[in-house]
Amino acid sequence: MNGVIRTENLGKYFGELAAVHAVNFALKEGLFTSIIGPNGAGKTTLINLLSGYLFPDSGRIFFQENEITRMPSHKRVKMGISRSFQIMNIFSRLTVGQNILLPVLSRRNKNSSWLAAINSQKDAVKEAETILQEVWLWEKKDLPAGELSHGDQRLLELGIAVASHPQVCFLDEPSSGMNPIERVKVLELVKKLAAERKTTFAIVEHDMDVVFSLSDWIVVMNRGEILAEGKPEDIRNNQEVRDIYLGEEI
Amino acid sequence: METLAFQGLVGLSLAMYLWLLAAGLTIVFGVLGVLNFAHGSLFMLGAYFAFTFYGLWGVNFWLSIILSLLTVAVVGYLMERLFLRYIYHLDHAYQLLLTFGFILIFDDAVKMVWGGVAKIPAMPSFFEGTVSFWQRPFPIYNLFIIGAGILVALVLWLLFEKTWWGRIVRASASDREMASAIGVNIPILFTGVFVFGAMLGALGGALGTPVRVVAPGIGAAMIIQAFIITVIGGLGNLKGAFVGAIIVGVVSAYGILLFPVFELFLIFVIMAVVLMVKPQGLFGG
Amino acid sequence: MKKNLALLVLIIFLFLLPILVGKYLLYMTIHILLLSLFALGFNLLFGYTGLLSFGQAGFYAVGAYACAKVLLVVPSLLAGIFGGLVVAGVAALVLGILCIRHTRIYFSMLTLSFGMMIFSLAWKWRDMTGGDDGLVGIPRAPLEIPGLLKLNMTPMENYYYVVLIFSLLAIYLFHRLVNSPLGLTLRGIRDSETRAACVGISVVNYRLLSFTIAGVYAGLAGALLPPLENTVTPPVAHWSHSAEPVLATLLGGIYSFSGPIVGAFLFYIIKDIIVRFTEYWLICLGVIVLILVLGFRGGVVSIWERKGGQG
């Protein structure tokens, strides 16, 4: 079965540098997938290409067998693809609640509604509140998002990413830059969201414990190409993969 | 046909003032990331100071140019150190607002100091006279301007491509943190580049002294020309500034000849076309 | 509650104004209302959408000249005002398509350039705009709804009420707009256009919408000018006029609803005072901009809110 989102010979080049080269990636529906690899392997670039933040120089991208290679991001979101960012990208002057409300309104196509007050969109507001509770941010819903702690901002990032009810959701290093306690919390949330929602998650992650405990499928990238992919046990035993991690305990 | 060729030459000399103006603007943007709305005003100040030294006080022509550059360098230094420096960390909008405030100040300041009347001083004797091109008289001074513009282009190219200083500046432009990490003193570099850019703009103004009208309002008119050039050529790109200046200069000259009164509008149309076809400019990336 | 009461008192005061003050202050109040509308539109772009435009005077001028042209042919005030704001909106839509796809810095550059393009047209196109003499003899046409009513506008008090009612309606519409999902969407685009795209918002479309609405508000303010002054001249399109809503909004407060209106009021007070002492008004304006940018970026409203006033 082809992946719910897949690429054919995808390439992205910055001058001489091949950030992503000849990549045939397929995300299989329902399989929690981790994308791992050393720094500079092309993981974030791949996500940028899949989400529409960048357009490829070569190759094609398909979502449910519809070609979306050069489709702008906002249209991909409407189709059911979403992502979170490694570097925090929230609406900092809006409240936490409003941060979640925007993707909800977008999914309901209510963004251009201009005569009625926001609060009159009762269904949307209710849906946003449910999501806020899901991501453990309900008590902080009236705080300006920029004033949240780093850890809570990460939870908000996740909330925004899933608020559009995506079919596939790419999380780019969801726990990066966090202290151990915050990390646990974020990864718990990822686990919870993956279990409770009908979304297929693909995460870029460096923590091997997390990768091996959460994933149904692992994709290993190196120097812009896919080196190997498979079930966690297969990857654990793959000599090439062990080599690029230079004998780290994986 | 000969009229067109001659007018092209006129346009070329016009383009050189614009090149000096746009070069300064684009260098400051490329390195500091700041779009100095008041850059046209620095051009204007260069013109006013040169006019004062040469036209009012009778100082030697070359010395007047140099003194005018130095004076504007001081103005630029004060602008950067006392004002601009404090808002680098803020949203770009505030940098634009601040430099916009400076346009307002400079525009009125020149009215206060020099009065609102336009003036043109006498041509220095060694530049008097014309040369014949296609049976039409072309001022020798304009030839000098074309030469000066090309010389500056060569010097800038050498400076940025071939010298150590140029390499440091280019490195800092593309990665400020890295440059700082290898020991480049960013604050001093920024001040230096800003002053350098200001002097280029002032040079453009000063060189116009014996031929161009010096009047309030030039500052705003020039910054708009500079914007059009950078839109056409690509912001932060010196080659783009040079080509853009030539395009604007030559088109202006043809505009004056063929569509008088609407020549400025013609330039806007060219800009609009470039915007639609290649939004980041001819050499932008 | 207290805020609504204060607002009610203010509105009543404005309706009673012609009885309370003389012609000069009434005239100034009309100008304050025009600048309020002008600045509100500007701030929809800047405070709410994150786009800094230095060319709004271009649309003000389009509104003014369009209204004047209409009134010179059809002496109906409503035709003039609506004609002005519609033409200004169309102009904003067209120029917006050119400007809006760019980064914020390019956008600001382009708005200054296009604003001055309109100025140069107003100044040079004698046949259409009267050149630097402008259009004169514009009647303060009667407010006419055919078959229903016809109100004479010659007394300034009557015209003041027309301006006041248009202004209140426009401000009310603006209030609904910024508190609607559309307003929230614009603010999201302001805070992070990347994120906005990633939640399904078409950033270009919403920016264009914001730009067009800002142009309509500028055009409305402009269209209300010719019946008052009976003339329209090119300076209304000049970049120094574009500076007025910028300063008013900075003064009052960028991130607040009432900031532009408060700022418009303060602007006229300050201008009135300064102009008595010196003709070099632009220098003072520039210095005020510097002080605000360096020290008081939230404007007057933020200072007031910080002191615990009703925010």
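Should a chain be cited, it is by its letter among A, B and C, assigned in written order, with residues numbered from 1 in that chain.
Please note the rule applied: contacts are C-beta pairs under 8 Å (C-beta built on N, C-alpha and C of every residue); 3 or more make two chains touch, one makes a residue touch a chain.
These figures come from a predicted structure and were not determined experimentally.
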item	value
Shortest walk length in steps over touching chains, subunit A through to subunit C	1
Chain centroid nearest the full-protein CA centroid	C
Most widely separated chain from subunit B, with each centre as the mean of CA atoms	A
Subunit A and subunit C, separation of their C-alpha mean positions in angstrom	42
Distance between the centres, which are taken as Cα means, of subunit C and subunit B, whole angstrom	33
Averaged-CA centre spacing for the pair subunit B and subunit A, given as whole angstrom	47
Touching residues on subunit C, where the partner in the complex is subunit A	176-177, 179-185, 187-188, 190-192, 194-203, 206, 209, 255
Contact footprint of subunit C on subunit B as seen in their complex	35, 37, 83, 86-87, 90, 92-94, 96-98, 100-109, 111-112, 220, 223-224, 227-228, 230-231, 235, 261-262, 264-265, 268, 271-272, 275-276, 279
In the complex, subunit A residues that touch subunit C	51-53, 72-75, 77-78, 82-83, 85, 89-94, 98, 101-103, 105-107, 110-118, 121, 124, 160-161, 163-164
Subunit B-touching residues of subunit C, taken from the complex the two chains share	46, 50, 52, 54, 98, 101-102, 104-106, 108-110, 112-114, 116-117, 120-121, 124, 239-240, 243, 246, 250, 280-283, 285-290, 293-294, 297
